[in-house]
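Same chain, two partners: chain A is paired with chain B first, then with chain C.
Right, the complex of A and B next:
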């Protein structure tokens, strides 16, 4: 409940993991004959050394914070929700659909965000109900719903929300419902403030409210939670709803706050992958809402710096991806091992 | 006894935590004989068989075969000498059939050869096992036969069965006994572990009774009676921490019984029927009542439905039929918080499963179950100070040793974990307290603290349902004690009115008045 030295341990672990990951990445580059030092300098100079680079790191981080929250909320309740990806597509569709209406600025933005959140919640409803009342495992159902969402969004992009002038994309989000940019000439929008604010709220919710206490209890020891009067069904429904709202908003900020197009391309190229990357971000952030913010910024920075690492240090793109993969894996490892230990213990009835 | 198969001499086992499970046990196993091993919980039956089958090394003493002394480093060594054990819990691959499950333990066998061997074994022993059906489709009794076949396939001469009938229906039990007789006729040795007197009398040739890690007696089955076995099992003197039980009983007569006569019962269980996780009837049409100012004890060997009974009363298990009346209201189907508001507190049997969330802090654990009560939250926001004050009060009142309110429950010792649970439950100011195995695993000081507390709560006029596998404890604390056996009570009585023989009979499944 309070900050003690034990609260710092995960942070120290993560820093150590990061160092190990960077070293392993350096070793890979060195082994293939690329100079690691200039490559890393280029990577971090681009992403964190300039205002523009930092802004794009933050812009990249915005949807990741939200999809990571979806996974983290679930994991805290003992659920393995892989469905942020599909929920996010639906959120993006919802935001675009609502912007077809004519409404005053401000109100329009707010309603578009709410509509996206509602779309995300709705998309999680079936897996949630199946899990709560029929015991269908959420990994299976959310993966299936990701594919349903994928093809439904394909259809909507190409047939329903399609831009009559440019068939390769949807209609652009109306000016009145766009998220204002925080920095001219960059992609950084008010969405980042929304995402970070929600992460903080998620922290307060999980650690300082009765409902959050019950969610964490259900995740840490479902038997004791039941003994303590926590309804497993309500917990599942609540967590799926909150997670769906977050992921839906991730779709919204991506279309409402990303210049220049403010739209979804056919093939979903500009909104796909965030749901799955969010799982990695949640792991790096130790499935803690406050840990997710720096984790997402770091992850977003890696994406932003990849270009310069390629150009300045001459490291081929595939190698950049490999090195970044190693770093991310190292950072996620402490939480991955913990999660799997907990899940294994839970299956045996007790807890870690 | 001219030809023995295996002999144990002076076996002693002291576990790392200091528990003496066996001390100086001698045992002789003879070929062509079914040897019964009888004793209540904690008598040392399981430890003894684990040593015989090579799972555990003894602290002192040795095993001897006619060829000389032997030392087992693993169950493989024991198997090499023809000693195999069938455990209570099955270790089968559900999706494999019997043949595949048997092959799994053997390694590198040809299936046709194995099939021929198993068919031969089945014919010789009369052990009916379908070889080609996946294990998950088999009944419990059939699965047990697969386990037995697994052991027999390794040319075993001594078969050890740990409480084999606890999962069987009467028909399956009869089949098992017929099979054991076949084994005996073929000159194999069998060790049959049980706590059921009737079974021990009907299938064994010789019975060794264990009590508190020692051999309490060895008898020829044909020369003994249920009464004698019961006496050996329970002993003549029942003591609680060196204090004769009579003391507590006297205490009871003074304060408890008058209240029992006058007050209306606050907890009534009527024709209750509850199923276990595996779907078998665990509680069979059970009825009883607990009055204010009394401790109603439930004794009995574990696994006779006590766990399911407690979970049903406390709102954690579905009730199939019957009623549970708490202070005048039928509470079947109510959730734990609703029961708490009606005045029920539950000290659960498994502190790590139900009692605590080990990764949570002491403060967080202190409000488990009352987190939605006024005072601990304001419009859904936890009031951190109120929570911490509450926890601090428990720590002080119950003298809980902890590094602080923010220490994890994991970091507490077992005794302090239990005190935290007990404190939390008593802070609810309950009228009815269900205490399941409240002193299990605790050191003597902590156990005594809890026992004294239960007596004090009783004297304050609260009703206590005490379920304990510790016979001495339940006899010493209870005003009335019931003996649970296969889901029903074999008898209910005041502890002072029972003879050790009667206690043993009731524990072993012989109903009061039918001996």
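Right, the complex of A and C next:
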């Protein structure tokens, strides 16, 4: 097995899983009486066929990169953190709360980002401590914290941060703390640069620092890592903190870089789902920080295109999340590509 | 305050207990065989939806069956991926949850109501009316099933085989027990119970489907399984406890004067906080099968 094959295989597997997912999506559409082909044509024409569509894909990818990093960080340490959703709500609330202050531009943006990251870290603190010192499984605790966050955010949106003029949304983020747009007339903001930059930093951290090595060692073989002097408690706390910061920032970029409202709507409609989609994105990106970037753009594109698909072909855009679910199911298989080789060999054997 | 208030708390508790108990007892079977399914939340959501479709097509019983069958079907997919193809159980479970979120949101749109569908009263499962109130017949099922599963796992040959596979697949394999098949069937039957629970929510209890109908119950059921230490009768006890906390939140909000004093969002947090406290409090005492979550490969 050559080096290139080992590097390429995860990419091939993701592409294969993507095809399986899209095929399943076609089957679902067909089952409900929609024509799959025109729907997919509309979807991809919109998302990857125009500059505006591509900008939307990148804008959608921005928070997904960050929530995917939360999951990937955890997964590399052997933790299954599915709490990015709740951490992200708190991040968005933190960013909005900080924009109540009056500060000079630049500094205001920076402080709002820091505040959002801190809110995300804080939201992961209890599950982290429960995991590190009581052994409470993080799947259960982070999901419970997602629901607590859901209701707390509902409360904050309706009672504390509410816009006195328009009760259906929160106050808009102050002009001085907004992330500047990269392309006029689109949603694409500086947040994309922040997200991609953090993904690169996460890669450097995990693969080129001692602390990152220890995290990966704890994930790959907890007993050996412990024997080698890596404190499991420290690893859990560190990973939760880094993941919480990423997810908190996801909430921040979504409210600070999303025109026109720069606010959260009641019912959290414009900030919900990113945490769970981030898990799928992390899987498609093979829980590698650099793989997450293209995976997020792919999924962001699906989301962007799905809106046009709904308009042109009448297919509800939620279909793409079902597609993502099937992609993740396919990626659960180890050595996805090997299955196909087995089939091929079997057929050869049958002919011989 | 009078007795009627407390009686309503009891009645809501019994109804809220059903989906958690059914799902948890099903998962006890699956985890006894060594498969850990975090896709229960998705199965609840999906079967609440397919149960509705079934009820629309052929009445309430058919709706419950549709939920049962779709749970079983997803369980088969999960079992194939995890038992036969040695896939990651965690990731497969996440895939199921994501798929259900998308599929149900999509399906609700197709039914013509974005995010919400009310099951017509004519095809809802009629409750048993007694002198002290109306109760869903599935309460009886949820109360009896744990005893049946307890008997099955501890006193039948097949049940002991399930536990043997979860505890030590190598030894079970040597003893001639088909490891993969046992795991597949155990997890699929368990998922079928979750499917029944989902259909119960839409067709019998709540009478409607939303994108959020499962509301974390799949994960609360997982917490219940942790609480039970894989003993079905303790899963029933856990279901009763968590069902009680869930209804407590509903009940407190219905009390006069409470709404004005405490924002409803904080009362709605009660079941999730209770789950955290219970899990954090009892963990460490329970013992799980050695091979739980580890794919079995014959050496």
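Descriptive notes on the structure:
One rule holds in what follows: the second predicted complex is superposed on the first by the 285 of 352 C-alpha atoms of A that agree within 3 Å, B and C clash if a C-alpha of one lies under 4 Å from a C-alpha of the other, contacts with A are read in each partner's own complex, and residues count from 1 in each chain.
As a convention for this text, contacts are C-beta pairs under 8 Å (C-beta built on N, C-alpha and C of every residue); 3 or more make two chains touch, one makes a residue touch a chain.
Since the model is a prediction, treat every value here as computed from it, not as a measurement.
Of the two partner chains, chain B is the only one touched by A:210; chain C is not. A count of residues in chain A touched by chain B and by chain C gives the higher number to C. Using the contact criterion defined above for the overlaid structures, shared-chain residue A:140 touches chain C, although it does not reach chain B.
When the shared chain is aligned, chain C comes close enough to touch A:152, but chain B does not.
Once chain A of one complex is fitted onto chain A of the other, the partner contacts of A:42 are absent, as it touches neither chain B nor chain C.
Contacts of A:250 after superposition on the shared chain: neither chain B nor chain C is touched. Contacts of A:224 after superposition on the shared chain: chain B is touched, whereas chain C is not.
Note: no residue of chain A belongs to the chain B contact set and to the chain C contact set alike, using the contact criterion stated above.
Listed in rising order, the residues of chain C touching chain A in the complex are 38, 41-42, 77, 81-82, 85-92, 94-103, 105-107, 109-110, 215-216, 219, 222-223, 226, 263, 265-266, 268-269, 272-273, 275-276, 279-280, 283-284.
Remark: chain A residues 1-2, 4, 6, 208-211, 213-214, 216-217, 220-221, 223-229, 231, 349-352 touch chain B in the complex. Residue ranges on chain B touching chain A, taken from their complex, read 314, 316, 335-337, 340, 346, 348, 352-361, 363-364, 368-369, 371-372, 376-377, 380-382, 384, 387-388, 405-406. The residues of chain A lying in touch with chain C in their complex are 28, 32, 80, 82, 126, 130, 134-137, 139-141, 143-148, 151-152, 154-155, 158-159, 273, 276-277, 279-280, 283, 316, 318-334, 339.
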